[in-house]
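In order of appearance the chains are A, B, C, D and E, and numbering begins at 1 in each one.
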Amino acid sequence: MQEMMKKRAIELLANGTCDRVLGWTNGDFAYDQTPALFRTEQELEEGFVYNGFSAANLSKYLVKECRAGGKILVFLKPCDTYSFNQLVAEHRIKREMIYVIGVACDGKADVEKLKEQGIDGITAIKEEGDTYVVSTIYGDKTVKKEDVLAERCVNCKSRKHMVYDELIGEAGDVIADCGRFDMVEKLEAMTPDERYEFWRGVLSRCIRCNACRNVCPACTCEQCIFDNPKSGVAQKAAANSFEENMFHIIRAFHVAGRCTDCGECSRVCPENIPLHLLNRKFIKDVNTFYGTYQAGEDPAAKPPLGRYEKNDIEPGEAGGVKA
Amino acid sequence: MSHDKKQAQLDEILAASGVDVRKCMRCGKCTATCPAFDEMEYHPHQFVYMVEKGQIDKLAASPSIWQCLSCFACMERCPRQVEPAKLIEAVRLSVIRAKGANHLKPEEIPALLDADLPQQAITSAFRKYSK
Amino acid sequence: MKFSYYPGCTLKTKAKDLDRYARAACEALGVDLAELPEWQCCGAVYTMAKDEIASKLSSVRALASARDLGTDLVTLCSACHNVIKQVNNDMRTNADIALRANNYLKLDTPYTGETNVLHFLEMLRDRVGFDALKAKVTNPLTGRKIGAYYGCLLLRPSKVMAMDDAENPTIIEDFIRAIGATPVVYGMRNECCGGYVTLENKGSAKKRSSAVLESAKSKGADTVVTACPLCLYNLKKNGGTDGVDVVYFTELLAEALGVK
Amino acid sequence: MQDVNYRPKIVAFCCNWCSYAGADLAGSSRLAYPADVKIIRVPCSCRVNPLFILRAFQRGADGVIMAGCHPGDCHYTSGNYFARRRMTLLFSMLDYLGIERERTRVEWISAAEGAKFSKTMNEFAATIAALGENKRLEDLRCKK
Amino acid sequence: MQRIGVFICHCGTNIAATVDVKAVAEALGREPGVVFSTDYQYMCSESGQTLMRDAIREHKLSGVVVCSCSPRMHEATFRKAAEKEGLNPYMVEIANIREQVSWIHKDVAEATEKAIILGRAAIAKVHLNKPLTAGESPVTKRALVIGGGIAGIQTALDIAEAGFEVDIVEKEPTIGGKMAQIDKTFPTLDCAACILTPKMVDVAQNDKIKIFSYSEVESVKGFVGNFKVAIRKKARFVDEDKCTGCGICTEKCPQKKVPNEFNMGLDTRRAIYIPFAQAVPKVATIDANYCTMMKTGKCGVCQKVCGVGAIDYKQQDVIVEREYGAIVAATGFNPMKPTQYDELGYSTCEDVVTSLELERLMNAAGPTAGTLLRPSDKKHPHTVVFVQCVGSRCDAENEKGKPYCSKICCMYTAKHAMLIREKYPDTEVYVFYIDVRTPGKNFDEFYRRAVEQYGVHYVKGQVGKVVEDNGVLKVQASDLLSGEQLHIDADLVVLATAVEPDKSARSIATMLTASMDTNDFFTEAHAKLRPVESPTAGIFLSGVCQGPKDIPETVSQASAAAAKVIGLLAKDKLTCNPCVAESDELLCNGCSSCEKVCPYGAITYADKEFRGPNRTTLIRRVASVNPAVCQGCGACTVACPSGAMDLKGFSNRQIMAEVDAICKM
């Protein structure tokens, strides 16, 4: 897979379809990949990787790249294509400047889960059917994919690319019963006190590193209100519990109807806060109240907060209050 | 009767009936529609007005309270939701709840019966006339 | 089609016909009327006072047992219907009455007005359907001119009974049409017959009942139908108009269905 | 334990055209409601940013109510329809976070409904008084 | 730092009786930035305004807070006063301590405390206020009048008289409205048609007025001075320009059994019809629900007999787009159908009629050619019973009726009673009333004449039941003054049913974004001081659509509305509301979220060049707001995630400052 992608990227660079390639490269460790820009065949040969650790959603990086001009080749996994479409819909990126290669994905590995399986000193990872072969300094280990899949991939909503110019790997389908709202429902079934305790427990870990916001493909504001001293709500480090509540509620609200549920926020959170559960609550509510809507599915669709029905549900009727 | 006692009596009638006598605009629709008008000394609109004035004793002593048919016509047709029948019932109840003040006593019944009279009539009369 | 059925005391004694013909008709119509086990007298009149709880309890018991059986509750006698529907409404809308009644009764599940109460006529109109009834009529009462006598209890208070327009009802007229007869609309059809006051004031009952029958007669009715034993009694006993027959509507229903 | 002198703080965002006028009518009709309710005038319910609501809670408000024109009667045609969606989602989220749902409310009150304004504010103030102080969304730094 | 002046108004004792105004002035005087604080008896008075102006000058105030009545009352007054002193009017804020404090609170300590907090919130806001300048927008010099009854006719004539174009949209085939159906008018008893039809002709002949008859308003866009209205001209299947109104088609049409709505269904008309002889425009209309040709494709008689070829069975609805500077709602009323009150027998007895039906029965052009004959047997009635207040003055919980007094029934019933007694002295007339309400010039005199001169029996009481028995209407009623129940054998019963707003009014109000009360009457901008304007700028009210009223009142209001419209159309430019949205281009993402929620299409996008890092330039898509189109709702400000979009006068920071001030205690 990685080699096919690399070969094709080199071809497209050579024939002038694009002048640079947005992909992944290894960081300090093999499992710690970062997005990277490749301008030459040599750079690609040396640095380009694609494997079970290539988790980052590259679409957000196109906002900056589009401003720099030229023509960009980007590799997008199915979930990334939703973000891509959403960014196109919001005029944040220009479709005509980008050549999209869709790459098949059947889930990415979670390094924490690998470590839990006793796998350490990782140097490389390879997919073989439904297993990963992980090379370590202690030799190769084989694990079942399902045992080490990243949280968001366990409930993967779609293996279908919403957009691409060409596809590498097999085309997949939307997964209707992915169970991604199971945890939301579980929380909804709790009492308010239990819910409060749950959220207090997880949100109190927040250190306001802003990683969730910085990685989020829906958070591409020129300047975030939380960074803008003129907004009146700028905050830096979390001083107390309100800070986290405020920041995360408003962030979730700002991306409501726009969040594609790519799961990057939770993936990058150093404190493992399940931030995607906030977004999924909004997605679920939108589906329930206003009809099923998947951001990024159709760039021409009107977002749920940009339209209304005369007989919409009243705020007082929404959700259930458990005593 | 002392003023306080009178007020208590009035409050009881108003609470038991649930009627807001101040809503009455004196249109007289209740009295216009009442099928038992001829049998009554005080008529439905007077009931409302007299309760408003606190003249419960006069009403309680009047044979009118035993003549209301509970046909709900005045309630149905009152444009102001005053519902005089409820007042009449409350006054009647206040009378029969007082000890020994039943309007109808069991020993009086046999004389009133005939072969075709349905139970319903007797039960109703008991409900309306005695405790 | 299965319903719980509340006949009421009068239907077990003086008004056996009202009940008997209803049951026969239901059999012919394929309606299963299951008499509630252990029902008690509804009290015959609805007590309007907000502080009257005890007199509502027997109705609540009937309502709760229909609820527990998972069926709608059908009533037939106008008086029972009036009492039970009004009590049901209290239980649904008056929290104070509901609380106090439930405190008395100590039911396994407190009753808060869940049961749907239907008059037999409503069941015919809304569940069986007058068209379906018409199709099952074997002996249409063609040529009969019949006046519907609603009286007061069937329709009032209309907000609670919610059965038909209280001032210009059509349900019995439609019923009369369904059994092949011609309905006669007359002005006094929803006025009182004199009610229970007949017990001590025959004069009042005479005035009311004769006014009703004269009104029906002047419009050409040969028969007047009712759903209320007390109305039937008053009209017959005190109406004093020759040439107008007074019968229960169920009797004509049974006749039309050929099961009389 | 609840402070005996506890008086709830309630912020009411009222749209200029209907609900603020409804409040005026409540006033001119002398239909009282607790002094704990303080009104902020906004042009339309759609001007109410969830941020304002959270801000109020942060600063120690115990209840926040938003009142606007009845759906279909918005002075700006559609503002309250958008506001309704936003508040539906926000309230549902607050509920999801375990923050007492009853602390937030939306009512549609027309300029002619002074009585409804007063009734709503009385009810809401009673609800908030029963809930007591907002502990789950306040920012202790903002307390004196 | 602003230099703020604070002024506490006593409003006589309206405020001062419950709020310790001195304490408020003192407390607010200690707020940061406040350099002057005082109280005064009547701030809105000339001397109150002078006090404020003097303080602005002497203390070099940059902002003003007035603690007084609702800003909906005097915000404009105080802003104007400030402007005269050179202070930007938008530096003035009002704290509403009358409607929100003194009028609803009794406890002085509590009220004073709340007044101080509201004052603080206003001060906090003023600290962030910025001078605002209003833009201007042009005015389309044409008015639209919705409804062609006497209200709409009068309004249109007056506007046209001032030299402006007016369009009337009337949903019926002719203008004239309810007044055209009325026989005589009170208290003068002159013939309604005689005074109405000349006005209708004036409308038809006035070249400034265009009538869209048999038409409805389809949609309304825009704002004061700049409305865009789509009008649906319903297909009448007759070419209006060709039809001469000769009426041959209406004579020859074989379909004769159509209920005639002009005569309240008391007789019939043809499927092709002209509602009445003086109709304007005098053009035939085919009623497609009854026309044999339209239903079966066979007939075509009207087409054959029409000498000018005006019949067009294939005609379609046409949508016409027109622009207007002002719109007048004159949608009128209907008498309620008394089918909810069938104890009075309307549904079952032919001879129980409504008052408007009686008008037709007494009108020379009506079904009985002016002779009073009852509908059932066409016999002359000898006893007539009138019932007042049918459906009016009901409790708000009563689902059948209306809570208001319909206002006109007492007088028209007196008129009916008098006319019947005059024409038919052998007829006994009873009027059952709750109250006889006759405030109006010569009204009570008129009613007394009915009693004293014409011998009409006025009975204080109501009718409880009407039963028809062998052609006799047995009326059972109460006579409260004698304490009797009356039984009257009547031949005709006339019900004075409640006036209710026309059913179309609700949807028109929605299109106009004009508010309505719970009874579907249009709400006026101020109950006393702006009774012919809707709170929505550019929308005016004429006639019964605003509340029950008789003809002279309707005409007065119609002319008043016209005067307001003329005042608006006489302006070349309108000053816009300066409190509009504004986009900070440096923060704007260009994401279009705001554009999607803007009801006015005031937001556009353009690619603009910005300075990028390291002396580069970059092109970004950014939003800009057209201040002449924006109405300042603020929907966009919440849709905007980056906070680039903000609303002048109600900015994010201003509102948050108010929130903070209120919560800080």
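Assume a contact is a pair of C-beta atoms (placed from the backbone, for glycine too) under 8 Å apart; a residue touches a chain by one contact, two chains touch by 3 or more.
Keep in mind that what you see is a predicted model, and the values were worked out from it rather than measured.
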Remaining chains grouped by touching, chain C not included:
one piece
Would you pick out the chains that touch chain A and also touch chain C?
E
Intersection of the contact lists for chain D and chain E:
A
Of A-E and B-C, whichever chain pair has more C-beta contact pairs:
B-C
Based on mean C-alpha positions, I'd like to know which chain lies farthest from chain C.
A
How far is the middle of chain C from the middle of chain D, if each middle is the mean of its Cα atoms, in Å?
49
Chain B and chain E, separation of their C-alpha mean positions in angstrom
46
Dist(centroid_CA(chain A), centroid_CA(chain D)) in Å evaluates to 36
For chain E, residues contacting two or more additional chains:
343, 465, 597, 639, 652, 656
Overlap residues in chain C, where contacts from two or more other chains coincide:
167, 191
Out of chain D, which residues touch more than one other chain, so two or more?
50-51, 55, 72, 78, 82, 86
Could you list each pair of chains that touch one another?
A-D, A-E, B-C, B-E, C-E, D-E
Interface residues, chain C side, partner chain E - complex
159, 165, 167-168, 185-188, 191, 214-215, 218
Considering only the defined contacts, which chain E positions touch chain C in the complex?
339-343, 345, 347-349, 399, 465-470, 474
Seen from chain B, its contact residues with chain C in the complex are 15-18, 35-36, 38-39, 66-67, 69-73, 75-76, 85-86, 89-90, 93, 104, 112, 114, 116-125, 127-128
What does chain E use to touch chain A in their complex?
586-593, 596-597, 605, 612, 618-621, 639, 641-644, 652-653, 656
Interface with chain A, chain D side, in the complex: residues 50-51, 54-55, 58, 71-72, 78, 81-82, 84-102, 104-106, 136-141
